[in-house]
Structures are given as structure tokens and as C-alpha cells.
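Starting off with a structure, shown below.
Lettered A, B and C in written order, each chain numbered from 1.
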Amino acid sequence: MPLLEVEELVKYFPIKYGLFGKTIGYVRAVDGVSFSIKENSVFSLVGESGSGKSTIAKCVLKLLEPTSGRIVFEGKDITSLRGKSLKWYRRSVQAVFQNPFLSLNPRMKVESIVAEPLKIHLGMKSDEAKEEVYKLLELVGLSREIGSKYPHELSGGQAQRVAIARAIASKPRLLVLDEPTSALDASVQAQILNLLMDLKKELRLSYLLISHDLSVVRYMSDYVAVIYLGKIIEYGSVEELFNYPAHPYTKALLSSVPEPDPATRKLKNRIVLPGEPPSPVDPPKGCRLSPRCPYVQEKCKSSEPELISIGKDHLVRCWLFQ
Amino acid sequence: MMSEVKALFTLMRKNIVAMVGFILVVAFFVIGIISPYILTRPEDAWGSTFNVSARYLPPSWEHPFGTDEFGRDMFNRVILGARFSLIIAVGVVGLALVLGVPIGLIAGYSGGRLGTILMRLTDMFLAFPPLLLAIALAATLGRGLANAIIALALSWWPWYARLVYVQVNTVKNMPYVDAARVLGLDSFTIMFRHVLPNALTPVVIQASLDMGSAVLEAAGLSFLGIGVQPPTPEWGLLVSEGWQSINVAWWISFFPGLAIVTTVLGFNLLAEFAREFMDPRLRITMMAKRWFK
Amino acid sequence: MKNTILQVRDLSIVYDTPFGMTHATAGVTFDVKRGESISLVGESGSGKSTVGLAIAMALPPNARIVNGSILYGDVDLLRLEEDERRRYSGREISAVFQDPLATLNPLFTIGEQMTDVLMSNLGLSKEEAFKRAKEFLKKVGLTDPERILRSFPHELSGGMLQRVNIAIATSTKPKILVADEPTTMLDVISQAQILELFEELKRDLDLALLFITHNLGVASKIADRIIVMYAGTIVEDGPVDDVLSKPLHPYTVGLLDCVPRIHVKEKRLKSIPGFPPDLSRPINGCPFADRCNEASDVCRKTKPELIEVVPGRRVACFKYKR
């Protein structure tokens, strides 16, 4: 049984206008997304800004209520659960956000920040919690003294480690990582990514990784889904997707990433995707990539393809493959 | 926190205007607190004496601020007046915070209909010119120090409610509030542990600086005859008491008036500095620190 | 050398903050040739942005020039008076910054802002300025320049805004363009488009480009020469392909190693141990010494000089001799 199952998730944001807040349209941020995450595995959602990947993460974290669709965790449907009935879910599903200086309360000391989940979910009292906090800090590579500091006194890497310590404190099973290293320097990013992989092994965690950085996704993931304008347009194991990308958008993404190594850089042929992603308010008819796709055909402009399987662990949503 | 306070003082040291303001405000607080204990003529200060031979004496060594129509030493009265002004300043601002902050917090955090209703209510109060509202309330409530404080606080809380509301609206969208929700905290805890402490800073700063205005407004009320009553040596009242004899005994109104002016000036100078500190400079310097860490 | 248009000599800048003084750069020295594209690479705290800001004459008010000069011809850009500065800034020396919205006023249309710049910096009439603005908007790949000129900044996407900024910066036909992380806030695909745009402009306008980035892949793509900075000093520089395929300085080696690759799934990322140094204190010896696994006593005591080990390549490391 998979740990997390998301079925046909839809999230529309109403656009209100005028004095009385009349709804004049919707931002179709997520338009029917399904995926599942197994135990002790890393599943990544790749997309650019406006793709809907962050919205999906927020729905999984129950920070937003889906417009429709189901979210099932450990076999239990949590879609309509709220408030107190969600407490067990919150213990098992935690998050690490992009900017640690914004995701840690600037007025709280590190030890209080990390102790919060211990008190709520493990029912620890202050002294017990303090000991456990030190153990957690050590686990993420920080010394005890960090406990008495405030977030702004830490470096980016240290602050993100604190955020990770907080996230694993309640002994969760799934962590949602929303661009966990985008705000960090390259050398620090490597340390944090290594830490996350180590923790995954030691604590048998699963990760839902949201990222626009394909090299991070490559390093960490077992399975990847590429999202464009609220729909998954390609899904596969990390080997399949990176070695045999099928969808033109995936190919364009992979070819656009600049490589430091001159040898590889020269080999790369960039697939040009002209223009800008259209607005999720009024997605194009037919295939969402059709206005920009270099391989576009008539069919693409009028009807939207389904996700079909093109190999073991490989799905793609494109008329080129049907 | 400490590093921010240290930074504040470093900047202040370089700024004469801020230093002067700071000294004046500190002087106000210190004198206000210790005044009952440093009076040379307490009976005069509290107003219970009537010394015929010492009436209307101009400033001299013995009476640095002269005496009033009852022969009371003005210096002592003004010094004790500081205590009352301090009580008023802290009382008005404190009460206004107690009323305004929870309203702003709940309105901001809940949003939706409750938030709109609360803020419309606040807006109604804000529509009145504050001093007029205070006068009307004071007149209704009756005279006396306590009623003056209540009247002023009732005319002031909407400003703090609005300030808190705006801050809370920003803070509640911060990732650390999301993180708190993801942790499973209940709304109450989130409001008081995560949102309020981060929304309060500008409010607290504003409130501290508003104390000068509180002193001024209270003086205004007393001058008009509402609010504090004789023989309380509140500065506004002292100015009013000396008003009729202003041509022959200018010092009776002058020194209390001077006290009001310097106190309010001190607060205003600090306010100017605080505004500069809060805005772009702080942003630049804090960014520089983060950038180059 | 007639070919050299900019000479940065011994540039040492500190920032005056209420938290203390930050030594942003120390003794930075390099040349820029006509039409050359140089990438200044480093992590946060490296001083790369400070160098760029100094050349663009856009340093914040709390920056103090402790030492050094920036010679443009025989003019020292650092020692110009306010009015003299305007002769060069925005005309012969232009800049594009990281946040596309930062330099644009949300209250005015793009057209108003572009024509303003052209009228004041080049003394053009309104019609001439309008014509030039349209010309350069087309040059940067915006297909409907009239619509863009009528739009307000918030109506355009990040990629389009950056193109507008580049159009504004190049419309005065500068000799030097400083670009400070111009693609960091953009999506991978927009980034690739903007990088290609820079390459085109470089060729068309014979522009010297000073491209500041923390991304080695971007540097590899856009630059002829790369300058690697750490803790305010240059640690290595040379032709980009040489430096990135055979890095000399241990920091450059470490930096290249710790970037995850797309085309291969790595087992574990190499990372540089430790943290960047505290810039509020002057540094004794080599700034990288405490993180370098090849450091020796001399490294900790004396600062290595930047020496030319091979014609065109310099390194500041005791491992190498002239």
C-alpha cells in the first residue's frame, strides 16, 4: 500500500472583482493531478513558477482545501478532515520550506522552535523535550549551543538544518520539501542535500520534493512528475525521465539547464520553447503546450491528450505518442 | 533581539537629535517616577497650602519657578506634575493597547466577515477627530484623572487596532505561520505565540512614542476644565490655572507649559529617529548583514 | 593596451552597518577588454556583487572605498563627483539587476520610463527616444513593442521585465554592461532565453559584459573568462573552459564538485566542509585555509598573492608558483 495517494486533485482559486467580490473567473492552479508515493522513497514534482507544484504541496499539507479530488494517507481518506481530527496526520506529515529565515519564527529561540512538535505530538514536558532537542540538533549536524540562538543569528545552512530538525521531531513518515535548497549557496546546498538523504535512510522517511532545479531532483528522486499549467505532462522513474525524456516540455527543460562542464555543455542541443507560459486563468484549448510546442500538430490545438504509458514506469501526455 | 537593540544605540549615538530626544524622554520618566520623593515642599505640590505672604512671587533662588495665587511653589508643583503626566501617558497608551490590540489581532487573523465587521467598527471610531471624541467622552464620563484616562484611551484604541490589523495581515501569510499550522497547532496558540509577537513591534514603538501626545492631549483636556481637577498639579491644569494671571504672573503658566513642550518634543525627536530607523536604513543594513554573512 | 577598456586595481570596499564593518572586497584586481564577456562567480559573501556595483557606480550609501581604483580610460570611476558620474553611468556603463521589478517604477508605463532614460541620458527628443525604445525592445526579442510600451511593470512576466531592463540598459549603446544575477529569479527556460539574448547583444553591440552569478553552469555558457571570488578576493581566473575543466584553486575544485549533475545520478554529493568566514573581522592568511584539505601552516599565516601561473590564468594559492 503506498504511503500517500493523491487522486484527481483539483484546485481553482476564484478571481473576485469589484465592491461585492463577484467571482469573474478562476485561476486553475491544479487541474487534475494524481500520483502516489511509496514508503521510503522520494517523489519529485518538477515545474516552473505558475505550474501549480507549490499548490499541490499546500494541499497535501492541508494548508489549502482542494476544490475536488482525494488525498489518502496510510489508506485513510484525509480530504475532508479538519482541525483536531487531523492531529495524527500532522504528526506523520511535516514540511521543510524554502527560506528558513521566513519559516522559523524570528522571535523564538531554536530550542523552543524544535521543542514545539515534541510537546504537541509526543506530549513531552520541558525537560524531556530539551534533551530530545539536543539529540535532534546533533542529528542534523548542529551543536547544542545553537539551541539558545535566534534564527537571524544563524547562517542560511544552519537555519535550514534547524527547520529540518523541527520537521523530523515528531518522527514523521512523510516530509514535504518545498524548494529546500533554492535559497542556499551551492556548497551549503550539497551539505543539506546529503543530510536529507542520510535522514531518509536512517529514519525511513519518504519525501515529496518540490523543485524547479533539475539537478537536485536528479540527485534525490526515485520518481519524478513534470507539471505544466496544473497538469502532469510526464511521469517516470528518475532514470527513465532523465535518460529518455519524451514530452517536448521535459526535453526543453532538460536542454535549458546550463552545465558547468565545457565538454557536456558543447554536446547539448537546446530545444527552443519560444514565448512565455500562458496564464493559468485561461489555459489554451487542447494540449496546454500547443502555443509554444516546436512539434505542434492540428490535433494538439483542439483536443487534450491523456496520460498514457510508454514503457515501464513511464507515462506521458502528448499526441506524439498516441 | 539584543543585536537589534545594540544596533539601535549605535545609530543613536551618531545622531544628536535622537540623543537629545532620548535624554528628554528618560528625564521625563525618571522625574515622573521619583518626583514624590524629591519634593522640597510637598504640601505645596499636592496643593493643600495657602500662603498669603508668598503669593505671586516671581522666579527666584528660593522659588525657581515662582509661586502661584495660593503662594504654592511652582517648581514643586511642576515636578509632581511630571508624575501625573507619566501616569496619564502610561495609562492612556496602556489602556488603548489593551483595547485595540486584541481587536486588531482577532480581526486580522480571522479575516472574513468577523474581520470586516470589527474593522468597520474601528473605522467608525477613526472617523472622529480624536481630541473631539476625547472631549465628548470626558464630558460624558465626568471629571477626574481616571475618567480622563479612560476618555483618551477610548478615543485612541482604534489607531492601534488598525496598526495591529495591518501587521497581522502581513504576518499571517509568513511561512512560519504556515509551519505552525503544519505542526498542528490550534488557532489560539498560533495567534498568540507566532502571530502576535511578530506583529507587535511597530505597535509597541508607536505606542511608546505616542506617550508624548497623550501628555499633550491630557493637558488639553485639563486646560479646558474637563478631566483632571484641582488641586492635582497636572501640567495642563497648571497652565489653565495661571491663565487669568498671565499678564502679571507669566511664570505660573510658563513653566508647566515649558514642561509639556519639552516632554512632547523629546518624544517627537525620538519618533523621527525611530521612523528613520524602522524604514529603509534598517532594511538596507539588515539586508547587508544577511547578504554578507 | 588599447584593447583594455576597464582596469580594476586593488579594489577594497567595506560596508558600514550598525552591526559593525563588513569587509566586502579586499585588493581585487583585473582587466576587462573590449567586447569581452567575464563572469564573476562566487557564493554569498564573495564580494562579486560589490565589485559589480562599484563598476556600475551603484554602491549603497553605506559603502566606503578603502583603497583602489576603477579606471575607465584615464578616468577613475570611484573618484568622480556626482555630476561627472552621470556622464558615464547609464550611458557608457550600464547595469541590469537581479530583481526585474526593483529598477522599474510601478506607477509609470514602460514607455514613459524608457523614454525618460533615453531623453535624459542621451539628450534625445521624445520622438527619437520612442523610436529607439521600440527598436531595442524588438532587439531583445519582444514581439509587440507597442503593447509593452503601453504596459505597466506588474502586467508583464519576470522574463519579459528582464528583457525590458536589458533593453533599457543597452539602448544607450554602452561599452560595458554589468549584469548582477539577472536570471536568478527566472525559470530555467526563461533563463536560457535571456542568456542567448545576452550572447546576441554582445555580438551586435560589441559589448563588454560583466556577468555576476553564483551558478557555474550559467557562467560556463555566457562567459569568455571567469573570475572566481571567495571572501572578497579573487582566488582564480582565466578562460572559462580552462578553469572549469581543469580548476586549480581548491575552492574552485570544491565548488565544481559539489554541484549535482543532471546527466548522472550521484551516490553522494561532495561538499566543502565548514562555513564561509566572518567578514566583520579582517582575515589572516588565505581566507579558504580553514576549509581547505590541502592547507598548510603558511596558508594560515600569509595571504597568497594572485599570480599568473600560465599566460592568461591566475591563481591565489601557495600550491602554485609562477
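Going forward, a residue touches a chain if its C-beta (ideal position, glycine included) is under 8 Å from a C-beta of that chain, and two chains touch if they have at least 3 such contacts.
Since this is a predicted model, take the numbers as computed values, not measurements.
Colleague: Given the contact rule stated at the top, which pair of chains has the most C-beta pairs in contact?
Modeller: More C-beta pairs are in contact between A-C than between any other chains.
Colleague: If we define chain centres by averaging CA atoms, which chain lands farthest from chain C? Would you check?
Modeller: Of all chains, B has its centre farthest from that of chain C.
Colleague: Take the average of all CA coordinates in chain B, do the same for chain C, and state the distance between these two points in whole angstrom.
Modeller: 49
Colleague: CA centre of chain A versus CA centre of chain C: separation in Å?
Modeller: Once rounded, the distance between the two centres reads 31 Å.
Colleague: Touching two or more other chains, which residues of chain C qualify?
Modeller: 44, 276
Colleague: Among the residues of chain B, which are close enough to touch at least two other chains?
Modeller: If we look for residues of chain B contacting two or more partner chains, we find 3, 293.
Colleague: So which stretches of chain A touch two or more other chains?
Modeller: 155-156
Colleague: Quick check: in the complex, which residue numbers of chain A touch chain B?
Modeller: Checking each residue of chain A against chain B gives 58, 61-63, 83, 86-87, 90-91, 93-95, 97-99, 101-108, 116-117, 120-121, 150, 152-153, 155-156, 163, 166, 170.
Colleague: List the residues on chain A that touch chain C in their complex, please.
Modeller: Contacts found on chain A: 48-49, 155-157, 185-191, 193-194, 197, 212, 214-216, 218-219, 238-239, 242, 252-265, 270, 273, 276-277.
Colleague: In the complex formed with chain A, which residues of chain C make contact?
Modeller: Residue list for chain C touching chain A: 43-44, 157-160, 187-192, 195, 214-221, 240-241, 244-245, 254-256, 258-266, 268-272, 275-276.
Colleague: For chain B, which residues count as touching chain A in their complex?
Modeller: 1, 3, 174-176, 178-186, 193-194, 197-198, 290, 293
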